[in-house]
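Here the chain labels run A, B and C in written order, and each chain numbers its own residues starting at 1.
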Amino acid sequence: MHDLKDIPLWRQPRVRGLFVQILLIVLVCWVIGTGVQNTIDNMSKRGLASGFGFLSDPAGFDIIFSMLPWSEDHSNGRAFLVALLNTLLVSFLGIVLATVIGFMVGIARLSSNWLASTLASIWVESIRNVPLLLQLFIWYFGVIQNLGGTRQSMAFYDVVFLNVRGLYFPWPKLPHEMLIFLVSFAFLFFGMRYFTLRHFRSKRVFWITLVLFTCLLWLLSGATLAFDIPAIRGFNFQGGAVLVPELVALLLGLATYTSAFVAEIVRAGFLSVNQGQFEAAASLGLNRAQTLKFVIIPQALRVIIPPLTSQYLNLTKNSSLGSAIAYPEIVLIFAGTVLTQTGMAVEIVAMTMGVYLVISLLIASVMNKYNSWIMGHGGG
Amino acid sequence: MESIIEINKVSKWFDDFQVLKTVDLKVQKGEKIVICGPSGSGKSTLIRCINALENYQNGEITVCGHLLKEDPKVVEAVRKNVGMVFQQFNLFPHLSVMENLTLAPVWVKKISKSLAQSEAMEYLKRVKIPEQADKYPSQLSGGQQQRVAIARSLCMKPDIMLFDEPTSALDPEMIKEVLDVMVELADAGMTMICVTHEMGFAKTVADRVIFMEDGKIVEDSPTQIFFDKPKSERTQVFLDQILKH
Amino acid sequence: MRENKRKPLKLMNRWIRKNLFATSFDVFLTLICLAFICWALPPFLKWAVFDADFAGTTRDDCTSGGACWVFVKMRFNQFIYGLYPDHLYWRPNLVFVISGLWLAALIFPEWKGKRKLAFTGVLLGPIIVYQILYDGFGYLEIVDTPQWGGLLLTMIIAGVGIACSLPLGIILALGRQSELILVRKFSIVFIELWRGVPLITVLFMASVMLPLFFEEGTHFDKLMRCLIGVTLFASAYMAEVVRGGLQAVPKTQIEAAQALGMGYWQSMSFVVLPQAIRIVIPGIVNTFIGLFKDTSLVVVIGMFDLLGMVKAAFTNREWAGYSVEGYLFAGLLFWVFCYWMSKFSQKIEKKINMDKQSSGGKAWNLS
């Protein structure tokens, strides 16, 4: 099957393949080229220069919720950063909340208690089949805006307060020191646990050493346990920190919506474990708790984790719906306000889509690493 | 007389593994050849080279006067003339029996649908299941499915029929009905190359029997000689193993 | 006689004991659930049903403090048809009827031309629907697209989106499997791009950026921009669904087709794709359900689908303040559609699995 010289060029598969690919490149270049050309023309007709210079111009608008200090004179670029942090904040909190609720509901669905499993089914089926945007509207316009004013706040143990202006909760008086302490503690704990545990004579020695080092860290970081507790002064709460009602509504909506899908994933994960596994463990003498811990849950988790991360990604993308209820995340601030004010459509939409793309790719690569790890540890 | 198939010093590698080692084989029109040997000997690969389902790196294969190369036109011409029956039947499950038979004649040979259908009916009668024409493969037994597969290849009116272990996936009671069809085909003069373990079939129908091992043709003898006085000792060992049960 | 009467009571007792009070934890759980139901349900029922107002025509008829369903009743037509002129309602109704019949024909048991009907429906459907609603090939009164709204618009966007994304998705799925490196890379990039971004940004892009890509003066219908964005977005998800189907078709099928002399496009069209699509019909239906819910996002770019019409209806001074009733009504409509569609897809999935088992993995007849 050689003697390629005898075959006319246009019939050789390799040549044909090359031809098709060249055609594809030409087509794509032509489409993109025309698009770019027209865009530049249209933009210049509107008196707009292309480029990212607009990022250093002053923003000129206020942002109702920001984790960084913010004022109108700050630049558009900083607005982008603030909005990005807001997106990440609501996504992170949403993921945690959705996971907790989702696992509870999923396990309830598997319960032998008819009431519990039916209520869980109703939860899942009602939430899954209604659009998220509609649920967000109900949470925001229906629930949050119908909460009482400052004096009629719902109080939780007198430290957390919920009313129409937001969720007020205690905040450490020295937040930076606290953050340093928490981060270094995390390193200390995981470092000691995974790298040095075997060097200790006994578990008790390990824990004592850990506690000693923790106290040292505490003193070094200068943190205190003093918290600022919100209290009513005048017309409003002072002290502590606040989550604006838009954030609360978005968080509740995202968490409950995603929890329905998480519940289904958890349920499928546990159902996927072969009945024979229970029997084998029992015949080996393992009790129910041990069977769950060593046999069932690890296997269920393998099935659960891939689609679970996919839901986390969906939640992050869905945070963009916060723009419809005035939460200052990326779409509202950047692709909304900044776009209206500067008109730099292409750059802004590209940056916005770029953020989500980067997050998606990051999560996908972490997922791939996890999958290869599983393959090497007896999976697949 | 010019051979209908001529395989000349053909070698093939899968990555670093050499699966065919300078194989030589000539087949005359109307000859029936059975190829046997242990698994991994390269017998399936050899016949799959004949209808270009596999390509080869060294040597030449000429089928019906066409020299096989990576030229789509040559490949198409060869495949129109060479039929293949697979171990796993490979019927198209979403099409009825009749549609399975007429698909290729209508779209590859470009004959009219009604003509294709009447010819298909003829072949269905030949394999003795004309009443199954409107059924779907899932509704047929394994033996019936394989017979439909044979009819499907016959509808293209090939000069050569290749069989790749056609009865290996069948329950024992269905092997006979398929072998009967193959015997009838042989009697009608078809050029056939069969990879199979059915030695009874070989004795009845084959003109030559070929024994392959490790990518080489170890023995290529007329049937009588192959079974009574094989030229090679390894052939004898193989025969002893196979004929013992 | 008395024994028969006792039996159901006994069965019920046994069931209650087993399912609700089996262990002490169970008892605790049951009590919590009952407490929750007693806390949540009665106030809701009181508001939604017992105190609610059903009769009347204006705001003044909603006096009781319960739910004002009069609002929903009066605005019902707008929720369904948008701003379509009411003397021409027969045209959207015609579209609903035709779609319903087409779907019913596909659902019911196997008959000869089923595949052809599905094929023609997917290809010609968007064009036919557009003509009926717009100007009937020039014979009917023109109704401009901004007037199409409500449930009608939701169905158009979702339906046309799926119909157009299916061919594109198939091409992308085939491209993703191609041996030609550039074709494969291009398909992967295209798919991952649209899957990695939220639909809202795609809609923004379509609505804001698309006009910039073309020469000045080309007028781009808002609906058209929206449909382009939705189609591109959905085609990426459709490509992944079809890819699953392609991987599920045994490679030996391609060999059999090739052995019969069929080339790449012939073996794909007649042998592989029909099987692949059959396998992933549940996946296609699920994508459609997702898209159906996602169409509610078009309210963000100023289009009035079901959710948009509901929202617009109570910004009107006449019905201000009755947002919850509107949202609940919209939620109910969505829920009804999505729930039954997902039940349907589960039924098909079960059927496909059953067929597979009954003939050792080779069959797959769908009827």
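FYI, contacts are C-beta pairs under 8 Å (C-beta built on N, C-alpha and C of every residue); 3 or more make two chains touch, one makes a residue touch a chain.
All figures in this text were calculated on a predicted structure; none of them were measured in a lab.
Engineer: Can you tell me, using the touch rule above, whether these chains form a line, ring, star, complete graph or other shape?
Structural biologist: Here the contact pattern is complete, since every chain touches every other one.
Engineer: Taking each chain's centre as the mean of its CA atoms, which one is farthest from the centre of chain C?
Structural biologist: Relative to chain C, the chain whose C-alpha centre sits farthest away is B.
Engineer: By count of C-beta pairs in contact, what is the leading chain pair?
Structural biologist: Ranked by C-beta contact count, first place goes to A-C.
Engineer: Relative to the centroid of every protein C-alpha atom displayed, which chain's own C-alpha centroid is closest?
Structural biologist: The chain sitting closest to the overall C-alpha centre is C.
Engineer: Need the CA-centroid distance for the pair chain A / chain B, whole Å please.
Structural biologist: That pair's centroid distance is 58 Å.
Engineer: So, what's the distance in Å between the C-alpha centres of chain C and chain A?
Structural biologist: 26
Engineer: Could you give the separation in Å between the centres of chain B and chain C, each centre being the mean of its C-alpha atoms?
Structural biologist: Taking the mean C-alpha position of each chain, the two centres sit 49 Å apart.
Engineer: Indicate the residues of chain B shared as contacts by at least two other chains.
Structural biologist: 72
Engineer: Of all the residues in chain A, which ones touch at least 2 other chains?
Structural biologist: Not one residue of chain A touches more than one other chain, so the list is empty.
Engineer: In their complex, what parts of chain A are in touch with chain B?
Structural biologist: Going by the criterion above, the answer is residues 1-4, 6-7, 11-13.
Engineer: Taking the complex as given, what residues does chain C use to touch chain A?
Structural biologist: 19-20, 22, 26, 29-30, 33-34, 36-37, 179-183, 186, 192-193, 195-198, 200-201, 204-205, 208-209, 211-216, 289, 293-294, 296-297, 299-300, 307, 311, 323-324, 327-328, 330-331, 334-335, 338-339, 342
Engineer: Along chain B, where are the residues that touch chain C in the complex?
Structural biologist: Chain B reaches chain C through residues 51, 53, 72, 76, 79-80, 83-84, 86, 88, 90-94, 103-104, 107-109, 136-139, 152-153, 156.
Engineer: Inside the complex, what are the residues of chain B that reach chain A?
Structural biologist: Touching chain A: residues 55-57, 67-73 of chain B.
Engineer: Per the contact definition, I'd like the list of chain C residues that touch chain B in the complex.
Structural biologist: Contact set of chain C toward chain B: 250, 252-253, 255-263, 266, 270-271, 274-275, 278, 355, 358-359, 362-365.
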